[in-house]
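Here's a structure for you.
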Amino acid sequence: MALLEAKRITAGYGETEILHRVFVKVNEGEIVSIVGPNGAGKSTLLKTILGLLKPREGKVILEAEDITGLDPDRIVRKGICYVPQTDNVFASLTVEENLEMGAFIRKDNYQNRIQEIYTIFPDLEERRKDRAGKLSGGQRQMVAIGRALMLEPKIILLDEPSASLAPKLVRLIFQKISEINRSGVGILMVEQNIREALRIADQAYVLAMGRNRFHDTGQALLNNQEVGKLYLGD
Amino acid sequence: MVIYGLISGSIITLGAVGLSLTYGILNFANFAHGDIMTLGAFLALICLTLMQALRIPATTFGALSFGLPMVLALMMAMVLTGGVAILIDRILYRRLRKSGRIVLLIASVGVAFGLRNVIQFIWGPLPQYYSAEIQLARKIPLLGIRIKPDQIFIIGLAAFLVGMLHLFLQKTKTGKAMRAASDNIELARVSGINIDRVILYTWIIGAALAAAAGILGGLENKFITPNSGWEMLLPIFAAVILGGIGSPYGAIAGGMIIGLSEEISTAFISTAYKPAVPFVIMVAVLLIKPRGLFGGK
Amino acid sequence: MESIIGVLNYGAFFAITAGIYAILCLGLNIQWGYTGLFNIGIAGFYAVGAYTSALLCGPPPGPLDWRTVGGLGLPFPVGVLGAILMCGIVALFIGFISLRLKEDYLAIATIGIAEVIRLILKNESWLTNSVWGLKHIPPPLHSPIQRGISGFLSANPDASVAVKALISKSYNWFYLGLVLGIVAILYWVSERSIRSPWGRVLRAIREDETVVSAAGKNVFRFKMQSFVLGSMIMGMAGSLYAHYAMFIDANSFEPLYGTFLVWVMLIAGGSGNSKGAILGAFIIWGIWAGTDFMSGYLALSAIRVASLRIITIAILLELVLLLRPSGLLGEEKFVSKMMGKSKRGG
C-alpha cells in the first residue's frame, strides 16, 4: 500500500519553475532513493512534500489523506519528519536537548524514546551533555536523524544524509538508515552518493532538470546501462 | 566607580538580554527596544499614581527609598509592557515578517519614534520622578565601600531576573525551544516547534526585562524622560554585539563590560564623551571579532 | 494679491527645504534603494556637511565666539566640495568597519557615528562653538542679488506693493533655482549610474550578494563606493542647508529631522526609484509642513503638537510598509526583474 505519494508536482521559487509534474511513491516499509545531477530539483521535491514550499500543481498524499499545501508543523504532526542537508542540528543545544526538541509536540513521556535512539546511535549517549555544535560531522548527522525519529514518524525525508562524510561514515550512516527502515519507518532520501543510495533502495527515481527520468527498483537501476553511463561514470 | 559601573552594567544587561533574545529569535535588530524601556518606566509611573489613589501604604522598606507600591508597580509595568509588545507584534511585525528583516528594522524605527512621542505627548519632555526623596550612600561595614541601599536593590533585582531567565531557558520546554529557534528557526519549524508560541514568549520576556531595565534606570537616575530609553539604545546594542548576537549569556557579559568601561572611562576622558564609549568598544569588536566574544550568529 | 504673493514666497521657502530633503533622499536611494545598505545615521553626514561648509566659508571667530578655528571665508563652491570630501572620509571609515558584515551592523554603526558626531558638535567648542552654533554663514551671491533688488526698488518706486514684496524675496527664488538645479543634476547622475554596468552590479548585490561574489566581483568595493557616494550627496545637502539657514547649531541635526523623515520620504516615494525619492521628499515635507499649519487649530501646547506630528509620520510609515511596501511609484521595471532570482534548490 502506498504510504506517501507525490503526484504531478510542479513547484518553484518566484518566477523560476524547478519541478515539472514530478511523481514519487513510497510504499509501506520501503526505502526510496531519489538521485540525479545537481540542480535536478531533488531537495525542492522534499521541501514541497513537507510543505515548506507550496506546489503550483499536483498533490501530496499520505496514507490516502491529501496533505497538499499544509503548513510544515501540521505535516510533521501527521507523521512525516525531515532532516535537512545542512544546519540540521541546534548547535548551541546539547545532544539530549536536540532530541527533546524533536519531541516538542509530544505530550506523553518520551524518555523511553530517547533511550531507543541511544540504542540505535550509541555514540550519542556518550555525548548527551555536549553541545551539538561541537560534534563531528557524522555525529551531527546522527543527532539530526535521531531528532527526526523522536516523533516515531511514519516516514522520514532525508536530504543527502551522506553529504561531506568520510567513506567509512557513509557506510555507517547507510547501515543505520537500513536499520531504522527495518523497524518500520518509511524512508525517502535524496542522495549524491548514487551507488550506495541505489544499493539500499527498494525503489529509486532518477530526476533530471526537474523531471522524472527513470524509475525502477534500486538494483535494476544499478544494472541499467544508460543510468550507469549517465550518472555512475561506468 | 566600579560600583557605578556595576549598577549601570546591571541595567544595560537587562536591556541587552531582552534585545539579544528578540534579535536571535525574530532575526531583526529592534530599534524600538530602548523606547520599550521608556514605556515600561512610564507605565510604572502610572501604576504608582494609581496605587497612591488606592491609598496603598507607601511605607518604605528598611533603608530603601521606596516601599510596596514601587515593587508592585514594577511587576505590573513588566506585565503591561509585555502586553504592549505583543500588541505591536500582532498589529505590525507579524504582518511584516515575510517582507524580511530590514523591513522589520525600518518598522521598528517607526515604532521607536511613535512610542517616544506618545509618551512625550502625554507627559511632556520634562523629567518625571518616582519619588522626591534623596538617598545618601552608606558604608557597608563588611566591604568598606559606599553604596546606596537602592543600588543594592538594583543589582540584586537584575541578578535575580537574569537568574530566573537562565532557569527558564535551561529547564523549561518553552525555554529550550526559544534557544532552539534562536539557533535555527527553520529547523525549529520543521521539528514541529510552535514558532508562534516561541515568538509570543520572546516578546513578553524581552519587553518585561526591558521594562525592568527602564524602571531601575529611573530609580538610579531619580528621574525618567521620554528620551531615557533611546539614550540607552547604543550601549545596549554595543553589549549585544560584544556578547554575540542571539546569545543571552553573551549579553550579560557584554552589558557588564560596557557598564564598567563607561564608568571607568570617566577617569581618562571627559564625562561628556561617556556615551561614545560603547560605540568605540563596538567598533573595536566589529574590527577584531565581529561575531562577538561568545560567537553569536 | 498680497496674500497670493505671501503664498508664493512661502512656496519658495517650502520648496527649498523640500529640495534639500530630496537631495538627502537621492543620496539614501543610492545606498538603500540601489544597494540595500541601511544607513540610519543620515543626520550625522548632514551635520558634517553643514559644519564643514560653514567653517570653510564662514567669518573668522569673533570676540563672542568660543571657537578658535575655522572661518576661512572661502567661496561657496569650496565649501560644498569640502563638505562632500569630509563626508566621504567619514563614510570610508564607517564602511570599513561594517560593510563586510551583515547589513544590520551598518545600521548600528551609522547610528553610533551619528551619536558621536552629535557629541562632538555639542562639546568641542573650539571647533563648533558648541551650543552657540555657527553664525553668519554667507549665502552664495547674496550681496549682488541684494544690490539688484535695492536697485530695482529705488528705480521703480511706483511699483505695486505686490511686485515689491515679490522682488524683495528674489534671493529665495535664486536659491530655489540653485537647489532644484542640483536636484536635477543628481537625478540625472543617479539615473545614468543605475543603468550603467556599475549600477547593475549594485542591484545584483542587493538581490543576492553571494551570486555577485561568485561571479568574481569584489562586493565590498562596490558597497563601499555606493555608501561613500550616497554619504557625499548627504554632505552636499548639509552644505546647502547651512548656506541657506545662515546659522547652524547642534540642535539643527536632531536624529528625527535628519534621519527619520528622509527614510519615510524614500520609502513612501518608492525605494530604488529616483523619481520616487524626489516625489517622496516633496509629499512628506508637504504633510509635515501641512500638519504644522493645522496645529494652529488644536488647543494643544507646541510640544504636544510636535509629538502628534511625529506620531502621524510614524503611523504613515507603518501604513506604507503594511499596505504599499514598494512606495507610491515602486521600483522601475528594470530593477524588479531581478527579484525573481532568489535562491534555487538543488
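Details
In order of appearance the chains are A, B and C, and numbering begins at 1 in each one.
Rule of thumb we're sticking to: a residue touches a chain if its C-beta (ideal position, glycine included) is under 8 Å from a C-beta of that chain, and two chains touch if they have at least 3 such contacts.
As the structure is a prediction and not an experimental result, all values here were calculated from the model.
Averaging C-alpha coordinates per chain and comparing to subunit B, the farthest chain turns out to be A.
Top-ranked chain pair, ordered by C-beta pairs in contact, is B-C.
Computed centre separation for the pair subunit A/subunit B is 43 angstrom, with centres defined by C-alpha atoms.
Subunit A and subunit C have Cα centroids separated by 54 Å.
Centre-to-centre, using mean CA coordinates, subunit B is 33 Å away from subunit C. Multi-chain contact residues of subunit C (touching two or more other chains): none found.
In the complex of the two chains, the subunit B residues touching subunit C come out as 28-29, 31, 92, 95-96, 99, 101-103, 105-107, 109-111, 113-114, 117-118, 120-121, 124-125, 233-234, 237-238, 241, 270, 272-273, 275-276, 278-279, 282-283, 286-287, 290. On the subunit B side of its complex with subunit A, the touching residues are 173, 176-177, 179-180, 182-184, 186-195, 247. Considering their complex, residues 50, 52, 72-73, 76-77, 81-82, 84, 87-93, 97-98, 100-102, 104-105, 147-148, 151 of subunit A touch subunit B. Of all residues in subunit C, those touching subunit B in their complex are 36, 38, 40, 97-98, 100-101, 103-105, 107-109, 111-113, 115-116, 119, 122-123, 256, 260, 263-264, 267, 301, 303-304, 306-308, 310-311, 313-315, 317-318, 321-322, 325.
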